[in-house]
Structure formats: C-alpha cells, structure tokens
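Some notes on the structure that comes next.
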Amino acid sequence: MIRVQTEDFDPGVELERLRSRNKGQAGAMVSFTGLVRDMNEGDTVTQMTLEHYPGMTEKALEKIEQEANERWELTASLIIHRVGPLTPNDNIVFVAAASRHRKQAFLACEFMIDTLKTNAPFWKKESLPGGTRWVEPGTD
Amino acid sequence: MIRVQTEDFDPGVELERLRSRNKGQAGAMVSFTGLVRDMNEGDTVTQMTLEHYPGMTEKALEKIEQEANERWELTASLIIHRVGPLTPNDNIVFVAAASRHRKQAFLACEFMIDTLKTNAPFWKKESLPGGTRWVEPGTD
Amino acid sequence: MIQLRYFASLRESLGIGDEQIDLPDGIHDLPGLTRWLQDRNETWANTLADSRLHVAINQEIVKPDATVTDGDEVAWFPPVTGG
Amino acid sequence: MIQLRYFASLRESLGIGDEQIDLPDGIHDLPGLTRWLQDRNETWANTLADSRLHVAINQEIVKPDATVTDGDEVAWFPPVTGG
C-alpha cells in the first residue's frame, strides 16, 4: 500500500496494522522512518517544505512497492510519504516490509527507501535563518 | 538501552520514544520486529516458550548494542527481547537504531539482530499438535 | 494541446508551474520542444539548458530523445530529493 | 564452591537446571570438569559429549580449554535460537 499525505502518520499504528494483517505468517517486519533533521550542510534548518508531482508520485511509489514484491517474498509492504510544510524531527517518510525471513524484509525495506530517494518526484526546500534553499541531492 | 521482559512491548511507543529523544539530530530510524510464526519446518506451531540465561542475557545484549554504537554513528539504539510463553503473531524481539544517515541505521539494526540470533542465550521451544520440540538453530 | 509542467527550483526560475499549449508545428520530440521553449527568452534558454534536469512524459521518466505527441503531459524537474 | 548451570534441551536431558558443588580435587579446567560430570552416569556422559554445546564461565562464552577456578559460575547450553 502507498500513501501521499500532508497529515502526520504514526509508525506504531502502521506497524500494528501490518502485524494484525499478518496472522502468524511473517516472522520479520523491518521499518524505516525518515525524519526532518535540524541541520543540513552545517546550517540550521527551521522548516522544510516537501513539493511533489501529484499523480506521478503515486505511480512512482506503486512501481517501487511492486518491484520490491517481485524481488522478495513479502507478506506485506507499505510506503507513506508526507508533503507540505514540516518542522525538524517531524516524520517525512515511512517504509515497511514484512516477510517470513528477516534478510528479505531488510533488503526490501532498504531497496524501497533507496529507490524512492532517487526515483520518486519529491523535492525538499529548506528554510534557514537567512532564507530558503532547495536541497541538493545526496546532501541530506 | 536493552530490556528483557515477559510482558508485550509496543513498537510504536518505542519508536516514538526514540524519535522524541532525538530532537532533530537523526534523519533515519530503522526497526526490526520479530514475530512468532504459526508454522516452522512444515509443522503448525500452537505456542512458543522462550527460555534464557538471566544475567548473561543482559550482558550479551548490552555488548551487542555497545558494539553497534562503536561501529556506526548512532544517536539512539534499543534492543527488547521477550521471554516466557508466547503464541503465534506475538512480538518476540524489537531492535531499533537511529542515525543521521540511513545506511548506518540499516547496518546497525541488521547487525544487532543478526548478532543477537547467534550470541545471546535464548532458546525457543515450540508446542506442536503432537508435542513439544526445541527449535534447531537456523530453522526459524 | 499538450500540458507542460515545471517543478521545484525550475518552477521558481521560470515563474510558472504549468501551462497548456498547442503542440507547435514541426515539433515531434523532446529536443525540439525544449528548443522551442528556450526560444522564449534568456531565462527559459538558461533554465532548460541544465543538463541535470529530468523530463517525464505522461508521468514516466523519458530519455532525452523521446517523442512528443498531441495530448501528452510533459514535465521538467530537477533531481529529486524526497525520502 | 562452583555454581553449575544447564539450559534448554540440556537441562531437560539432565533433569537439573543448576547445582552448587565443591570444585573437585585436581580439577583446574573445563575438560577436567566436564569429564568429572560425565563420570556420574551414562546420561551425563552422553549429554555432555555433544560437540555443539557452548560453555560460559561467569556468563562469558569460553573456549573448550578454559581454566575453572573456585567461585566460578559454569554454564552448559545448546546453540542459541533467540531473536
């Protein structure tokens, strides 16, 4: 399942949903939570705004999740990404994979977040004390 | 932090605690949750009992967490392991690592659960419809 | 008609997020369409000259020599930074 | 006195989880102590002969030739299966 939303999400609720759907089949759940950091490239970050490409974003996330499910045997998977204005320590992204085997869950979760970072149309703009700037790829 | 307990734990509460302690420093939290599976080696599992070596268990988990913190730059880490009787889909173990960088969080989390599986003195006994058996290493 | 979209720093540089235009006569591919837009003025010429830009047609990333057809949605954007 | 502990399948085979004994005369290392315990009867002889067993002294895994000293806690157990 994938979701793109302005509202916050609760990793605990999402993991519990994955677990209750699981009914004893999976032995392993791996999750990644991405948070807004208060520093980037040595500068204090006071706010961050996430822009995206509505429509293409959902397609890109669905494709990433589908590829993960083709490559690894997952019993469940999930990608949630927030958009809009965020402040330091806010949740940005949540990726989770459940599998019978832990190695598969780790590989799938890491693949989904790595691929999301390079393939999904999101852009971060930071507010610093001296103004705003678009985040450069690979710096955050 | 490490904990060995008979009570259940809530991965959401644990992740939220990690996040609230974090205060914007870490950009990445990775968690692993281990669950009781309802099948092992082709047999239906109705219950599982976790035995451990009190005292040595805590030392072993502390050593694993310490080594992870020496090898990777973590802002927080956590290992929780349950003992006693459990049923399918119950939480067994929770391992989490927070870091500025996601690769470090993934490596540390996977290292901790992999090392726990081979080094921490826990033993699983399964109840099957036909009786009980001790789990063989590497089968579950 | 084709739908053109610009995102993030590109949207800010061009001062526009999206527009609908008739597919210009004689334009059949991405290089042609990009040159046609660059002819608008120096800002467009410079902004679209950035070799790091990505282009999606109908919400799929395409190669630089992709074909453009009437009805397409064409989007330009800088490298993505989500996650 | 030394404290001896047995876990999991080993505890069940031996029918005992822990015991305190005086360090037997002439016993200074793990091979000696293990042989002394195996001399108790056939069950002990067979159960402690399993080459996959691990031994911890004072709650740290040790090598098969480790030294045993008065006051030690010595534990035998099968390969661990937690996580």
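Quick notes
For clarity, chains are labelled A, B, C and D in written order, and residue numbers in each chain start from 1.
Please note the rule applied: a residue touches a chain if its C-beta (ideal position, glycine included) is under 8 Å from a C-beta of that chain, and two chains touch if they have at least 3 such contacts.
What you see is a predicted model, and the numbers here were worked out from it, not measured in a lab.
Between chain C and chain D, the least number of touch steps comes to 3. Computed from the mean C-alpha positions, the centre of chain A lies at a distance of 23 Å from the centre of chain B. Chain A and chain D have Cα centroids separated by 49 Å. Once the centre of each chain is set as its mean CA position, chain A and chain C turn out to be 27 Å apart.
Shared interface positions of chain D, defined as residues touching 2 or more other chains, are absent. Chain contacts: chain B has residues 34, 113, 140 touching two or more partner chains. Every pair of chains meeting the contact definition is listed here: A-B, A-C, B-D.
Across the complex, chain A is touched by residues 5, 7-9, 56, 59-61, 75, 77-83 of chain C.
Remark: chain A residues 34, 50-53, 55-56, 59, 81, 92-93, 113, 116-125, 134-137, 140 touch chain C in the complex. Only residues 10-13, 15-16, 19-20, 22-39, 88-89, 91, 100, 102, 105-106, 109-110, 113, 140 of chain A touch chain B when the two sit together in their complex.
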